[in-house]
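Okay, structure first, notes after.
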């Protein structure tokens, strides 16, 4: 069976698609969910993976640079949107964020290393807000943890992906960052050399483009590229 | 005054003991495994028997029936354990002073310097107990109990690890404490120690009291001799210290007649208990002449109790006192001894050692 | 044959000891803290002195100069520690049998049943050591050492925690082992035990050898009496077991004359050592008549050594032997004793106890 | 120190502070809980025992999440502590210390408990017969005798605190200068391609600092043990 | 069991297997290292001591990464073990066990060492005078006496193994049926929107299973300790 290394944030959608795929083909993809960085390093170290779905362009670049990617198999699979969430419903005018925030915390993923954090920092910098909010930024090790800080009320605001915000009833999207404020959010996918089941992996990669799969991705809030 | 009664079943061993200890030293005597330590632990509050009652000087320490069980820390007993149980992390000095800080300031008790001097542990004060010799540990352990100013002293074979000379320095100290009114419950296998210290003896056997009473009675009972070790049977005479002769010998006046001893047991008029080993007493029908033995006491044969191994105990009545002699059957026959026959008991002065003289 | 020499400085205490122990029991005798355990530990291989040499039966166990230091496990000594050191997690039976599995199959040694019977620990076999009484632990510890089939027995106050009766059962067993050729290094504060068992005595004082030699010599040396406890001085006579009379008494033939005893010390012809306590000997110028004492030995006064406290040691020469008597000065004067005077030594039969008879 | 950026230097100091405070503050509780578990016969103690083990059994993230829910400003305990004592854990170094203390607690308790269970009750009995009240027996006999265990527990907890990351970042996030400990900084470097060298550099610092502390405490512990072991 | 999906059920069993194997396989080494650290006077031992502490001091991710680099198929040790013994750790459950063993090792060693340091050398001396060779002394005296410590160490390591996540997922990834342990599964749920309940459910399972094992071993340890403690 094909072994898929996928960013942990895709679990819901990918599990569902895999179930459909199994029903149709009888092939059962084995999906290992972990942080993109861990997965990339494992692939570099010779992990028996057929496919890598990364939440970060940089880590896919890394794997590609290491020569692990099957030529021409890489493509951008999904896109996402960056939003400001809060535990209150009142919409926020982004340029007023520093005032609205006061001396409270703004929850983000690690701004220098985790993609969601990097995108968020870029967006805030682009809008000229970064310097003002920087001291108040609480960086979590991933988007989900940042969201949890908002959901529990520890931080009144947070910057997360739309996909995360959608599933958490305790938070509300109070603003959306303009697309041009940061590099496009992209989830690249690629087939990996020397995997245990290359043919089935290829089939699953193709299946990710079928309308059924696209519908599932979109239901989770992803943009399918 | 100490009253002890307890019963407990360990499964393989059961104790069922009751005795009363008047003031002074009460010796618990008995074979290994007889239950001595068990009894002492119950008095100390370290062992709670199924049923039991311990009353010390009027205060109820334990009464299982009424649900009274004073914790060990409030019983104010000074316990010299059978094994030393020193605190390994504290210096000898801190071990010795451990109990002092919890003791009543006003309570009487020996002083620190006096105790370390008596025990000969002055040079050890800053050492840790770990590297002490067996006897040194035992001495520190005695000192620790003494310095806690107890109102009752429990001593479980305190001198077993010590040499005769050292023992000779510690015993008078215990005697002085006893004479100052401190009740002592004393376990020992050395009958000399017991005879010297104890006014009361409780003889234990397999968890039961075999005999209990004044030391004189218990020790002169030929029936108990096997439990005491036959060689150790003897009589205890009540004596008063008399004149000291120019040659240094001291006359003790007893109901059986004067006895000259070489040890100085106290000022004239002091009342003492004098122990005569039955094996040390020689009998003669006629009054012997020209012997080195100075003590010749006349008496009447009262009872002859044959012993296995060709020996016999002969009890001589001398006024209100009685003296036990241990002879061969051959001598009994040769001398024609029989109840009612008059004869003399011969006793060497030097056979009376310090161990045989206890304060009355 | 055991040769021991060692010197070591603990800072507060220094040992510097050398002695040779011929076959039989060698007693280490000395006050608490004299260094007895230290010496024994060096022989066992548990303590490595700065300089030292230990040779047992020709084999070098330790020689610091030549860098030889046989580990304890290969010395095959049976060590009865001063404190019991039983394995707390093993039953009494497993403790006893611990050494057996490592012992040479062919080595001689007492049997299991024999040992537990002698020690009276048959009922304890399945118990854990934790809840044993002090004396029970001591006995198991003795058994454990005996059952390891050692070629050398080290016993550090093995009987200190035991009652007289139990001691009386164990001592003959040790005597038998000794007679079977097992060398024993024996520490005890009980001079009776030492006199009975030991052919050689090493007297230690503050880490140094004060006297070493045959037991008879050490014990009859009046100069050493204070170190032994004055009451314990005495003479050791070489004796041969003679006839047993119908009344059960046994005649021992000595160079000083016949001595009747009540204890049965062995078959006729057996050679023994007979210890006479100086305090037990009565002197008379004329041969006394009609006394219960059966043993009357004629002799000549050889030396009179006054003692403080109005006493004196009188040495009587009797053929090739000498007997020490301890009298009051008053008696010395009254009897007109002086070197060269003929007199009789009177000794009670029952005063010779089992403790005073040791195999030659 | 040019080898470390000022921010990293701050992270090093913060890690040390967090670990030290975590150990110091949890030690009394650790001893108390160990005593209860080793000595008490209360019926519900298995629950306490279970609770103590939880941070070991659960992934650190879960523990961090649980801390957030209970000790957060809106959490039941956190709210109470804030209202009554003005204590705030969220986004503060105190929170990092709390997380580290909780994560190290099972290790600390276990070591101390092991030591308590090895104490010879006969010595405590001896102290009692000498008139020592229960607290004095503990302070003068039990505590000195378990000192090697207490130190071992403290060392384990300290080392754990120096390395703790999952629960800490989940609970108090990563605010440079306030809650960014060394492990967070290391983690951050591992999240960017090519950050391994940087991560290794910080890991090296962490190892030197923490091991230094551990080995020094070891020395102390060894001396203490020797002193007592002479018995 | 409908409460758990078949995959989750597999993860539970795998976690138990991994933890058990990790503890069982590392125990001999743990005892050996503890013995060395407690007893030996070799000069370089502080290094071994440091090495043992490392997994505690470093963030688990770093340990996992270090394992990946050295025990991976391309790593120096991993390559050697594969070439010589055919042993593969990377991306196998054996690797998860290795990671768990390494992470639990400091805890195990510390507990055992504490127990060894508390053994009365006089008992070992007694065994030696009775002729017991060194190994026999260890097997018949030392080992039984440190059993409570060994059990405590094993329990700590087992609990840790049941909760280990950072090093495991970094080293062997999170492959269902092969390397997906309970903590990895919990982690995965925590990474997706609305996964908290699922995570909590699995955490509950983990707690029940691991605590069950821990409390049972506790009972055993307690009985052992009591047997010896009677001394």
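Observations on the structure shown:
Letters A, B, C, D and E mark the chains in the order given here, with residues in each chain numbered from 1 onward.
Heads up, the rule we're going with is that a contact is a pair of C-beta atoms (placed from the backbone, for glycine too) under 8 Å apart; a residue touches a chain by one contact, two chains touch by 3 or more.
Since we're looking at a predicted model, the values are computed, not measured.
Shared contact partners of chain A and chain D, listed by label: E. Seen as a C-alpha superposition, chain B sits on chain C after a turn of 180°, to the nearest 5. Ranking every chain by how far its Cα centroid lies from the centroid of chain B, the top place goes to A. Of all chains, C has its CA centroid at the greatest distance from the CA centroid of chain D.
Centre-to-centre separation between chain C and chain E, using Cα means, comes to 57 Å. Centroid to centroid, with C-alpha atoms defining each point, chain A and chain E lie 34 Å apart.
Averaged Cα coordinates give chain A a centre that lies 90 Å from the centre of chain C. Annotation for chain E: residues 61, 65, 187, 190, 196, 229 touch two or more other chains. Shared interface positions of chain A, i.e. residues touching 2 or more other chains, are given as 148.
Across the assembly, chain C contributes residues 131 that each touch 2 or more other chains. Looking at which chains touch one another, you get A-D, A-E, B-C, B-D, C-E, D-E.
Within the complex formed with chain E, the chain C residues making contact are 44-46, 71-79, 81, 85-90, 98-99, 102-103, 128-131, 144-145, 148.
If you check the complex, the residues on chain A that touch chain E are 3, 5, 8-12, 30-34, 38-39, 41-42, 45-48, 142, 144, 147-148, 163-164, 166-168, 220. Partner chain B is touched in their complex by these residues of chain C: 10, 12, 30-33, 36-37, 82-83, 123, 127, 131, 133-136, 138-139, 156-157, 160-166, 168, 189, 191, 226-229, 231-232, 245, 247-249, 260, 262-263, 279-280, 282-286, 288-294, 309-311, 325-335, 346, 348-351, 353, 355. The part of chain E that touches chain A in the complex is made up of residues 61, 64-65, 68-69, 72-75, 90-91, 169-170, 173-180, 184, 187-196. On the side of chain E, the complex with chain D involves touching residues 46, 49-50, 53-62, 65, 106-107, 110-111, 113-115, 117-118, 121, 148-149, 152, 155-156, 159-160, 162-163, 165-166, 183, 186-187, 190, 196, 199, 203, 206-207, 210-211, 214-215, 218, 225, 229.
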